[in-house]
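Chain nomenclature is as follows: A, B and C, assigned in order of appearance, with residue numbering initiated at 1 for each chain independently.
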Amino acid sequence: MDLDNRLQALEARVRLLEDQLAIYQVMAAYGPAADAGATDQAVALWTEDGIYDLHARAMVGHDEIARELEGEWHQGLIGRGSAHIVSMPKVEISGETAVATCHSRLYRREGDGYRVISCSANRWEFARGAQGWRVTRRVSRQLDGSAESHAVLTGSMVAGKP
Amino acid sequence: MDLDNRLQALEARVRLLEDQLAIYQVMAAYGPAADAGATDQAVALWTEDGIYDLHARAMVGHDEIARELEGEWHQGLIGRGSAHIVSMPKVEISGETAVATCHSRLYRREGDGYRVISCSANRWEFARGAQGWRVTRRVSRQLDGSAESHAVLTGSMVAGKP
Amino acid sequence: MDLDNRLQALEARVRLLEDQLAIYQVMAAYGPAADAGATDQAVALWTEDGIYDLHARAMVGHDEIARELEGEWHQGLIGRGSAHIVSMPKVEISGETAVATCHSRLYRREGDGYRVISCSANRWEFARGAQGWRVTRRVSRQLDGSAESHAVLTGSMVAGKP
């Protein structure tokens, strides 16, 4: 293989690594923003018409997601002390789109410690655009033994868009 | 350094980055598969004769690991709602083998929340083969103050193979 | 663009990926070292005069951090069974320095399970030197609803150095 071809192959490999780390960065940015009440930063992780399908209630677009984060439940949570944490995800990239599968947990301050009030199966879908990788759809389902929560983890829920 | 040498050096560096991310991917795939009851996917992360040494009970090969995941304990766990989560690991790659050190936790649904029923020291050993990086041995020890659990975390347990 | 320029651009991109993964590695090394009582390994993650500002008590330099890890509280913790875990961080690299933002948790063995006794906002600052990336300052604040804990997560605490 000549130098030009080798270089081109390497550029493609580096691009793929950059994509995977960029997706990690987007996912790692959600919790700090959500727990600090930085609604604009949290919402900006989604595309304009991105979906956050949280326990079967689908919020569509920045305004609806922002309303949730500015709402009584979320504000009460962060006022008391909370941590929204996603686990290291399994990422599958296909050109300009990607899917990440992982767990998320929500810890809330109670007494002198923290209680895990939520533990969910997560599927994040991404698209690459002018502003880099952003979330087009995030689906979370409580891990309660349901077939749906398991389908989120295996990826077989893809077709079942809300 | 001429172009060919620079390109070769860069190829080696990119390979190492790919290795580290590939190992992250294998580790991130275990929890979703285990918690969804996707036994085949979980088991396929190990080599054919790979070992899962879980709290001093060593399962050897795909069949023994699958038997555990299809058994009463694990099925009861996922039927109720569980999350097997590994933390971001420290990875050391040496050519065709690698070692990752991290923590793992097991959350189980209880009442309207989740309880952390297990929290372990983890050592994962990997080999690269025709199917990419796979687990040759995973050792987990409950973090209960034991010297053995600490040895798993420092890597001094290497010689003490079961 | 000629080959030399393309190669140079690619070298810079690879360097940035290496930096991000190197920072992951430093952060992933803390918990295993701290929970195993490997004080030297834990302390070596910081620069000689690095700061660990833990819940408003700032330890400065290797000796002070080591004293904390060798002290009664920490030794009691690891003797009973503990897990210090950081979440996958958001990393921002600027040449020879970097900042990572994430959550950390501390699990302690209690009865037949584990309790989350601490859940914190984290800001880690790094510098690259002869020994690679090391921590120059780590700030942790309990997530208890305080403005300070939120400022750690948004990065607005930068100026408020202790």
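Keep in mind that, in the parts below, a contact is a pair of C-beta atoms (placed from the backbone, for glycine too) under 8 Å apart; a residue touches a chain by one contact, two chains touch by 3 or more.
Predicted, not measured: the structure shown is a model, and the values here were computed from it.
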Pairwise touch network: line, ring, star, complete, or other: complete
Enter the angle, 0 to 180° in steps of 5, of the rotation superposing CA atoms of chain B on those of chain C. 120
I'd like to verify one number: the distance from the centre of chain A to the centre of chain B, where each centre is the average of its C-alpha atoms, in whole angstrom. 23
Touching two or more other chains - residues of chain C: 3, 7, 10, 14, 17, 21, 87-88, 115-116
Along chain C, where are the residues that touch chain A in the complex? 3, 6-7, 10, 13-14, 17, 20-21, 87-91, 101-103, 105, 115-119, 121, 142-145, 149-151, 153-154
Chain A - residues contacting chain C, complex: 3-4, 7, 10-11, 14, 17-18, 21, 24-25, 27-29, 31-33, 35-38, 41, 78-83, 85-88, 107, 109, 112-116
